[in-house]
């Protein structure tokens, strides 16, 4: 941590800063420039309250040198984390494919989609039971009944279930029924929910917030890991930009960025990234080319009749064609799919 | 709602769209241009599922003409809403001032700040008990104990309490202890929490999300109102922009915008808007000049020792000076403070 | 174009709008809803001044249905444009590779880089002579001398030259010495410069502005084409977002978006997109997987000693390895490189 | 400047960095932490090429401590700059008001607006002759003829003229005819134009770019000042955000921020900030309350017939009413208007 003093600070001001930090076990490096004096703090600066330090009237500003995340940090955990879900792995050589409808609608729908995506090679089934919708008047999901239907689809196909939690009140039924618990983009900084899922051992699929930086995203992962749950899968799903042609903008460079900053696996959601089914294919290919550990894709047997997110869903037939193409991209990356 | 058909659409495509909407009670206006055919839907289009319509393969895109919020909409409720909290009003002629520390820290601290801000003219006491922090390693608030201390401060001063809720699990103790329940910026689209507070009658202070549009913010208010709670106070607290000199950017034009779109009162948080105590004064003045119904300000007896948000807190003495100045701005606006 | 009238408008207001538009050759479709009346304009609405219309006191707002760009619009020019530069094509089956240093520094440097990139398969040589720098105190390029050195490199290798123009005053020497004239991101809306290059027949490489929408970018292309120069190559080079880990964020979905909206070729600059040499490879692969017609890459014989943009430049040896890998991605897309 | 070394760097790496900087006159402060080694550079670091340093393979990243602008920096010029334009001052006690139409349209129009705004107390006349328009098909201004008409209006009223330059080719006629040369938001980083106006002595009104940071804006001012022209007036005119209700978002906190970072005067354009005439009043008041040195307002005798920007223009009568109100806000700030 670097402390920059206000202009014209002298020994007295330096002394004041150092003395305010004396209860930490730190060393100090003083640099006096012609216009600026800076103090470098050496030691375990993670414990220093930078906000408090910034309030010191002699301090101009603080610069943080080290990343604020520890458990998610690759520096302290150089090996990539591979997460095991009923024997299926995310983060290893195989590229994980999660597919299914935006919402669980009926038993027939979810089972037929589950069978179809399994046949085409999907490793996991996704499907929304509790739905985060911008409008209170939109379909909010089948809720508990949706979880039941997902469970039936799992029994039928063996595919592990990925679905979103929206409230700590539902944690118990999620722990019983779900294989991977998803935290949606809008809840990425719902810290209470992060703490709650941190107390379980279930794998957590943590979507990046709509306007979050990578650092904030990794700090959200850190919340879960600080609670004792290291099974975090990061999911880039597009960020908000000024572009209106697509609903969001896929941050393709977040993939290599996260792989370098963290040991956690990172997957990509090309369906939500743009909201346009015709863009799923080019973005899914690009995601694999850029090093993603997996993709999560919305597949609906009848997108036109879907209760939500129809415009971004592809059909089982399109998904089947896509999987064949993606296999070749995985191969070029030395991976399987 | 306007439906724009794909290029080269003809009567068959028009017929298909109309027939897909026949179960709604709508009229249709067809405009055939040289390159573009559009269908105008007339009637209660709020019920039409625009996403589903957009999936129709003959549809190029949908344009929404009406605002998606109803209960929060000034069109259907032309009179401004005035919210009454223990006899004190927000949204009327008087500009409401809410003041207090970022976090409740000790009994002495909260009582002394409460007394000071009351003396200077504050109408409400703010103070965080449950704190949303970016890092799991930062001080998370005194939690339930913080609510107790706020209650003591209220008994001592009579000031109603404004404090943030972070989980639906705490709703009961908030209903018992708190006068205005705050929903923080990071939970603006925590739809589960919005629904829960919508079931109470407590006034809700709804902060605008960090990167939310005004429409999304009003839709969050709509969630609360759809549950039956019309006591919503909107709070502009700065949005995320590319500027790094200030923590956020106060969207001063949101004040007149919200006043026109909605009947709900809107207040401004100049402390969080920039994160810099020296900017509280110019922004508080600007907020009143732009028509805000109130301001919420962080005041700490010893900002340098504050457990959070010290850099943006002002002292009771500064607050007292500020109140004197603001009174004159309120007067120019034909209001009191 | 859709005109939405203010609430409670009636026949008088409708009449007023229509009469204000009677000098255009238009038809009108009126939709009267319970709360909203809208007028659809049918005909050549491109000539209607929407801003003026918006000032009409009975008008609430205007919605533009058709894209405002004509010559760049794929609707009116369904075939993709292939641009021929001394017999080398951009926009056809072959993926164009443009490579070279950020700045031309010395004769030896530019000739050695040109030879190296040519050997590895580059089709064009890039190199900055006039440099747009954020600071007036940074190296501003060799200017006219840089163009001379590029010309020498071209004589030596036969590679056509791509370099940036910064002022209309230099247009004449660019026309004489350069094969493709680049308009940089910061000049994307330097309308005077766009008009000037629109008067030439030289191919123009038009970079997307840092915070521009795709529509604004295509409108900048339209400026050039409106002047009579249809040889426009679009270049996505990353947009500004809140992410700070990378300098910009590559908008990978802009590639399929532009291919659909326009017939112009679109290439990608993975070097400027992130500012990090280690990200050039994953993003170049992703660009090809997403359908780009070419890539432009910074290659420097000694990045550590580069006078600008060293952190994002790769070495000739790295470039050679990259080209081998990219060839396989091009093949999967049914293209050559 | 702070140099952070890659993890696991030792004395050899430290030595390498220091030796690469030995041709500068610097001192070095070394801080070895458990995971991070940093080197503080002390001395005139403005000359150090940070980009080059960042390319050094042992360097992880660079942090810049000092502001990169010198001549615009308040640290080195504590007194506020007051700019004198024919005896009228910007930056002093009086708040400067610049008013006039978006575009000069006819002799009658500009003279009548000039007379009206003068009567209401405006100090300067604005009016566009060369217009930056997003579409090549929109009205581009009367160009040279527009300058002639402005000159006539000046002769008639004595008001100094403020108008925008779009090309270095027009500099000579601007120097002859114009009192304050405006650089528009889209040209804020048109470095060639900045250099050209830096060679004159004319006051320059420099608008902030649509998505520029304050630092980039001050660096654009630095370009002009580095050329020898210290007469720079900064103009905040709204930045691009996700909000669509207003065209841009006025960054009201930029006013106190710029006043602290720089000695240059800063004015506000409430007309372009939102694009809505009904928001001019609240934002103009807020600008003065936040400490602006002036405002620039679009006034048109007949906004409905304006050739551009009608929706944001107010009438002379509205302007007159506004001026009366603003006078009271100026008074509260201890200023005149």
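Chains here go by letter, A, B, C and D, matching the order in which they are written, and residues are numbered from 1 within each.
Please note the rule applied: a residue touches a chain if its C-beta (ideal position, glycine included) is under 8 Å from a C-beta of that chain, and two chains touch if they have at least 3 such contacts.
Computed from a predicted structure; not experimentally measured.
Distance from the centre of subunit D peaks at A, each centre being the average of the chain's Cα atoms. Interface comparison, B-C against A-C: more C-beta pairs in contact at A-C. In this assembly, the C-alpha centroid of subunit B lies 39 Å from the C-alpha centroid of subunit C.
Mean C-alpha position of subunit A lies 31 Å from that of subunit C. Within subunit D, the positions touching two or more other chains are listed as 211, 240, 242. On the side of subunit B, the complex with subunit C involves touching residues 2, 4, 7, 27, 29-36, 38, 40, 42-45, 63, 65-66, 75, 211, 240, 242. Interface of subunit A with subunit C (complex): residues 211-215, 239, 241-246, 249-257, 260-261, 273-274, 278-279, 282-283, 285-291, 325, 328-329, 332. Across the complex, subunit C is touched by residues 46, 49, 51-52, 54-57, 68, 130, 132-138, 166-169, 186-187, 189-193, 195, 210-211, 216, 219, 222-223, 226-227, 240, 303-311, 313 of subunit D.
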